[in-house]
Amino acid sequence: MRNASHPAPAKSLPSHPFDPDDDKLKEECGVFGVVGVSQASNFIALGLHALQHRGQEAGGVVTYDSTTGFNQARRMGLVRDNFTSAETLALLPGNIGIGHVRYSTAGSKGQTAIRDVQPFFGEFSMGGAAIAHNGNITNAVALRRELIERGSIFQSSSDSECIIHLMARSMGRTIPDRMEEALRKVEGAFSVVAMTRSKLIGCRDPLGVRPLVLGQLGDGWVLASETCALDIVGADFIREIEPGEMLVISAEDGVQSHFPFRRRKSRFCIFEHVYFSRPDSSLGGRSVYETREAIGRELAKEAPVDADLVCPVPDSGTPAAIGYSLESGIPFAMGIVRNQYMGRTFIEPSEQIRNMGVRLKLNVNRALIQGKRVILVDDSVVRGTTSQKIKEMILEAGAASVHFRIASPPTVWPCFYGVDTPEREKLLAARMTEAEMTAHLGVDSLKFISLDGLYRAVGEPGGRDPKSPQYCDACFSGDYPIVPSDKIEAGFKTKEPAE
Amino acid sequence: MRNASHPAPAKSLPSHPFDPDDDKLKEECGVFGVVGVSQASNFIALGLHALQHRGQEAGGVVTYDSTTGFNQARRMGLVRDNFTSAETLALLPGNIGIGHVRYSTAGSKGQTAIRDVQPFFGEFSMGGAAIAHNGNITNAVALRRELIERGSIFQSSSDSECIIHLMARSMGRTIPDRMEEALRKVEGAFSVVAMTRSKLIGCRDPLGVRPLVLGQLGDGWVLASETCALDIVGADFIREIEPGEMLVISAEDGVQSHFPFRRRKSRFCIFEHVYFSRPDSSLGGRSVYETREAIGRELAKEAPVDADLVCPVPDSGTPAAIGYSLESGIPFAMGIVRNQYMGRTFIEPSEQIRNMGVRLKLNVNRALIQGKRVILVDDSVVRGTTSQKIKEMILEAGAASVHFRIASPPTVWPCFYGVDTPEREKLLAARMTEAEMTAHLGVDSLKFISLDGLYRAVGEPGGRDPKSPQYCDACFSGDYPIVPSDKIEAGFKTKEPAE
Amino acid sequence: MRNASHPAPAKSLPSHPFDPDDDKLKEECGVFGVVGVSQASNFIALGLHALQHRGQEAGGVVTYDSTTGFNQARRMGLVRDNFTSAETLALLPGNIGIGHVRYSTAGSKGQTAIRDVQPFFGEFSMGGAAIAHNGNITNAVALRRELIERGSIFQSSSDSECIIHLMARSMGRTIPDRMEEALRKVEGAFSVVAMTRSKLIGCRDPLGVRPLVLGQLGDGWVLASETCALDIVGADFIREIEPGEMLVISAEDGVQSHFPFRRRKSRFCIFEHVYFSRPDSSLGGRSVYETREAIGRELAKEAPVDADLVCPVPDSGTPAAIGYSLESGIPFAMGIVRNQYMGRTFIEPSEQIRNMGVRLKLNVNRALIQGKRVILVDDSVVRGTTSQKIKEMILEAGAASVHFRIASPPTVWPCFYGVDTPEREKLLAARMTEAEMTAHLGVDSLKFISLDGLYRAVGEPGGRDPKSPQYCDACFSGDYPIVPSDKIEAGFKTKEPAE
Amino acid sequence: MRNASHPAPAKSLPSHPFDPDDDKLKEECGVFGVVGVSQASNFIALGLHALQHRGQEAGGVVTYDSTTGFNQARRMGLVRDNFTSAETLALLPGNIGIGHVRYSTAGSKGQTAIRDVQPFFGEFSMGGAAIAHNGNITNAVALRRELIERGSIFQSSSDSECIIHLMARSMGRTIPDRMEEALRKVEGAFSVVAMTRSKLIGCRDPLGVRPLVLGQLGDGWVLASETCALDIVGADFIREIEPGEMLVISAEDGVQSHFPFRRRKSRFCIFEHVYFSRPDSSLGGRSVYETREAIGRELAKEAPVDADLVCPVPDSGTPAAIGYSLESGIPFAMGIVRNQYMGRTFIEPSEQIRNMGVRLKLNVNRALIQGKRVILVDDSVVRGTTSQKIKEMILEAGAASVHFRIASPPTVWPCFYGVDTPEREKLLAARMTEAEMTAHLGVDSLKFISLDGLYRAVGEPGGRDPKSPQYCDACFSGDYPIVPSDKIEAGFKTKEPAE
């Protein structure tokens, strides 16, 4: 059902065609939970703010307080605009709560309705529970069909709502039991935070595709998608939740861990290193920033070129560009400047203005670029639309030559594990070879890091183990560690098995 | 679960203690549906506007269009503020739809969350359906408990949501079949409008406690709580839906009627005649205005008094005051004036201002009242707070004497059939005799119409049939035609049976 | 200059063509001032709310507090929506202040910009002053031209801003002196309230065209356009300000009166009795309600007709209809019902809906009207558009005959003294005789009260003194007591002098 | 007069104490004008967006169209939030217009009222004119006093409004003549854009303290504070307006230049190079980015130190940090990460949360910093509050040592030429020596670039000419090229003349 209640986004004009952020893969969610602190909603607001890069379209918070019961707020837009007023926070009392930020899917996919915003809440005979989910359930269509047939009423179009309905139909005696039972029926990638009146629950799927970390905050506990959300609330990082692990945490009993699923080898999303996670978060004990710098160094080794300047495509290309510069000795420079006052949308310029070359988010440092041979470092190429525009800007500013260096291998397969990817035929690298892309973009050279190079940079000195890859790299390799069954039912063709 | 998403009402200050509308019984809902017209949402907006007196807190609309599917908008506030923009109506395309307005419950009962706003929607294996309900389900607590135990997830705290879950669990092959099955499990008073992709459905409970009428609009059909909502869209009044009748209406097949419940004698709510319905609506072929005038005439016969002026407590007391004046020959006058720019809330005056006698909604016509013996005609006395304040205003303006005449019998029992009534101990007439009330209010006289007098005025020349009353008059008599089972479970004590 | 800063009204759709309130003369302003009370802004908000009928488009408040200086708030919309929050009132501290409500001029005249909203403020060498004005300056165009030539910068398009610029250029030593000097240069009708840091000033033009009353509130003083604004704050009515009188009021020295202008015979606006003032206000010691009832009685004497019901066109025709009923003995009935939830604008229905006969603000009580001979009493006929629609509604509901009785003489001349009147050619009575209007409207009869009858009803037993009329009745007689010089310069032709 | 009309900012909580942007000097304005293009308001919105860093509190636009006349919109907040809707831009038609963005002054200075937002408009006998101003009038208090004495009514508290009143009182025959006359009476720093119905006017004060550039856009012309605003609309940079030059530009006659003031040696603000201008703007033919990199190189030469990493305080310290790294050979790294979703305000954390070390805008890259000797490069030290907090963050993350390097000399004097500076006693460097500051901040070392070093870096190889400095550097030197007469009258003490 389409929801017309919140037409606010309709007022803002469509985002400008040349929005460099439009041509990225998008992480679809960030989650945060806390127990054992006073005024939990304050911490959740801060934590979600730190995770805003994982989802800008909407956010939701649920808290529990013994006087008012469960309290919920769900809003379209940024955390800073929705969850910062004393008025709102006062409506969310309690010492336990969870929150969620959600990615803005592109126009063609339809606007998110407020009823699709997580956390989802359900009342069970033993009490209420709320759940928020980062990832994607790959058998959600089938589960939903079956649940509806048996009498469940879905309130959203979200795959995550299946979990709460599975819990409702479970015969488990406690909510954690029901959640375990529900998650065992679910396929896909999931990092879940959930809550009851007194317990905070965290769980990662058996492959650990999406991140989830545990922190300590005084006597309380925090779960979050990334460590940067621990930093913002001043929590100490304890450890990453393990793949297939479920934590049940309460103020009284602390952290209880168990492993409800069959143990399997981890397949963490390698793209979290490349783009999704914030550079100041830590993954596997190393800062994401350093990993990206290492990717840039690796890229400089694999794809050197003689030039005057190494410029990042801001902001995400910056660490890799620094690494490339350090390795190659070619000076690093901010040849492209990002307007920090840019919102997510802006005036759709009239035809006339557009043809004059409007640059809303990015501007070239003309005087700097003029006559120079420029290496542009970007994290990835998706549709290639941004790369094309940036090349035009750089050449129009008088660069002598333009060399693209990409800090990830060619993106040739869609992700079905909680990332918004264009259809395969829209992925530039799925349609062209590197040489064709170079010609198509009209640049002097274009090189991607190799998949082995990327593995080396993220800390696998031997590169990728083709028998049993250490990461999920399906977007590069087409090697899907979890069968995307709903998609296959809908006609998606996986890679021909190599003979 | 409390919903913090829509704190807008929190900005407006609490309603002034002397708000004459606060001390009324409140009808809790109005419903409207239409099929077979283009731009159904336009008609629904108009119809709900005409029914706004039945619920001012929130409104909702669902329409269906083959391109966009089911579309929904639910908003806190008045129809005129929420459903009048071309932007909103454009988001609600289609030739079929239903709508609902909802009463604003008092602060102590907690704010309505947006998720409690009807219509409710459910997706079934044979397609979607939406439902809106006027009335109250008296076994909702028990039904809800059972449904939750069996795995249903409730999204609201509304009793009406039970119906959609019962439908989801029904094995009926069509949506009307499922609705029939669901309504047979439901006890209470209900006038329901519902819709599928192509069918508009209307149904009244077996006693027909709440009203529902059918109208024709060109080739299309309209269901509405009152005839005034037919007038506003230019529809012709066809007939009232009969107690226990279900209509299934489509553009192709017109109106199909059947009676899914055991036939019983009608017990229409007599208070619809006294206060709830709009004076320009028709009930049983007579305008509500004329009925109220007749009540005033009856009251003048039962409770005459020598005086100079008959003044209504505006606006609801006006027709009865005119009737009293016509019968008694004492001139009718607007001694109290209502500020037409009053919203539902206003500044909470500081203590200082309050003590000076602020009058926000009502003002006395001092020059007119001065030295006069005044009969004040009001429709009912609930807590008695308003009566007291009005008496003070009138005396302070210099009236020689004040006589209250009330166009309904003493309200001594709460209503459990879709009306918001204070607890029994808050009802003035439940605590005092007529003489005690006269003394308590400090007026020269106070008289209520008798229950038989009221029955005569509404068209029962023989008065009330005590064996088998023609109307539901539980609020006056304590004679509840439907057992309020949830309330009894919660401790409510019904009247001792007369021996 | 057109101001695009406040496009809020653009969101609401244009007012419905059949808005009975559109076809009225409109008083353009209401003023209120208070000194010597704590939290003056609370009183001003209440007072302006009581005067809302004199202007619904915008409101403004200025207060002075020794800590924060002069504080101002000006807003588009109703008092209840803009001046009721504790937040807003806290921004308006102080024990002295003035306020203004402003009429919504029709679309063709262009939207009021926020900068046209009064009070106007000016900083002079001896301190600041604010001023609010009800009326119209008939030589404003000439004054403005001259002031601009001499270097004044106008910030608004309002005629009232001239006063503050004339004060700025005055050599007077005190602000009251400067105001006196300014007002002596001004022609037209004006009831002004103004304030300095410690003084509240009130002044009426020499003819006293517009009303202004003085009240006492504890140790403080109130000025207001009507007595209903004294009632709402609990102030005692002291007296009307006299024509040509200026009051300078302070908490310390009380009320000082003087008469800065040449004394002339009063010419109070007779239309205040007919329509502008609220029925619960007093004018000349009698309630406006009673005067209107007397007009109805006079009308019944002058224009009797045999009928079954006397119905008011609500709400303004009600008192005259009651008078007509009392005099004629024909029963009074509310045959037309007004929707109390109507805002100022509503959905512009599509062509299709309009043709079906949508009735947003008014609905006929069909069952009551059916087969009856109906007398409709309205206060005035301006363009005649409303009368036509109401007649159609009444006949379509089955009335046997329709007789219009109008509680004022034919409106044939525009008002230039602070009332919004259509151009002369749009006034129905300026284009047609009574017989022609009867035919044009298609009613069974149409009668206006005579000018002498109106004078008798307002308390002049000898009727109008043609040599020296007791009231300003220019809209009926074309006899303009103040030469409308700007209008004449712009081409307006006054009545040929009777020979 | 305080204006309570726009309390919107009151809803957002006060900015967090640790907002690194709070401890900066703030440019107070940016201006933009265009003539000879269709839909001028589109270009103005884009241009103001590019200049948003020069003022984030409010923006205003005036355009002229022969049908609608002058049109104005003024709003609190960012350009992207206020001037991007088709609705707003449609209210601003025309081929000529000007715009202004305004800095948010700190709380202690009081909130900007909407009436203080530029452009200002005045109607003269020969037509209207609007004016927008970047800079500050140093004799505004005296001018204002005199103008009020002679009868001018000021509508704002802005110094810039003097110009329009001086124009109103001028006897000049044309608007450019009047503007010339007005500007000759004005002392201070000003870059002005103004407009009549057909002419765009630009003017810089005789010393050229603030920037202003001319661009060409097809057949039209653009004036803007910086070249980045030419880039965004696709205009070609033509040249900088010269100090003391006035341009009168029309679509018909092109650009007319003259010099109304006595010619003097230029004293451009050197801080535009350091911080105010955007890095992608050009000043004097060189990109600001390169100049800042040169400042960093100079700083590395003047103040070397042995360390592991050079980290910028983001974002403004980045180019200088890169320069420092390139010169010193110490690797550049993003040790501090800025949250790009930060708005201007955020939740005021409760005491508890604050003490836990909340970091809303900035976060340290802990894993990167741990155990490292870190050089932090910032553009300036104002109060020193940010430096202190950043040092704490870095040390708490485990840095081995912290060395501050500042890309400007110590800021010891306030600016009176259009920059918001704290009072002298709040400037850290005015109270302490470098050694005292090092101790106060608790860092291992702290070094500022020398004034001569800064001059060298901005392109004066011989350093500062003490006899006749090439720039305005009053904030560093106390050498005020324009006497701040209002401030001196108010008690400000300038530097003792060196003997």
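Labels A, B, C and D are assigned to the chains in the order they are written; within every chain, residues are numbered from 1.
The rule we apply is simple: contacts are C-beta pairs under 8 Å (C-beta built on N, C-alpha and C of every residue); 3 or more make two chains touch, one makes a residue touch a chain.
The model shown is predicted, which means the values in this text are computed figures rather than measured ones.
Touching subunit B and subunit C at once is no chain at all. Counted as hops between touching chains, the shortest connection from subunit A to subunit C is 2.
Chain centres here are C-alpha means, and the one lying farthest from subunit D is B.
Rounded to a whole number, the gap between the C-alpha centres of subunit A and subunit B is 49 angstrom. In this assembly, the C-alpha centroid of subunit B lies 61 Å from the C-alpha centroid of subunit D. Subunit A and subunit D have Cα centroids lying 36 Å from one another.
Shared contact sites, meaning residues of subunit D that touch two or more other chains, are absent. Subunit C contributes residues 11-13, 38-39, 42-43, 45-46, 49-50, 52-53, 56, 78-81, 83-86, 89, 217-218, 228, 231-235, 278-280, 282, 285-287, 289-290, 293, 315, 318-319, 322, 326, 331-334, 337, 339-343, 345-350, 352-353, 356-360, 363-368 to its touches with subunit B in the complex.
Here subunit B touches subunit A in the complex through residues 1-5, 7, 10, 62, 68-75, 87-88, 91-92, 114, 121-125, 128, 145, 148-155, 164-165, 168-169, going by the rule given at the top.
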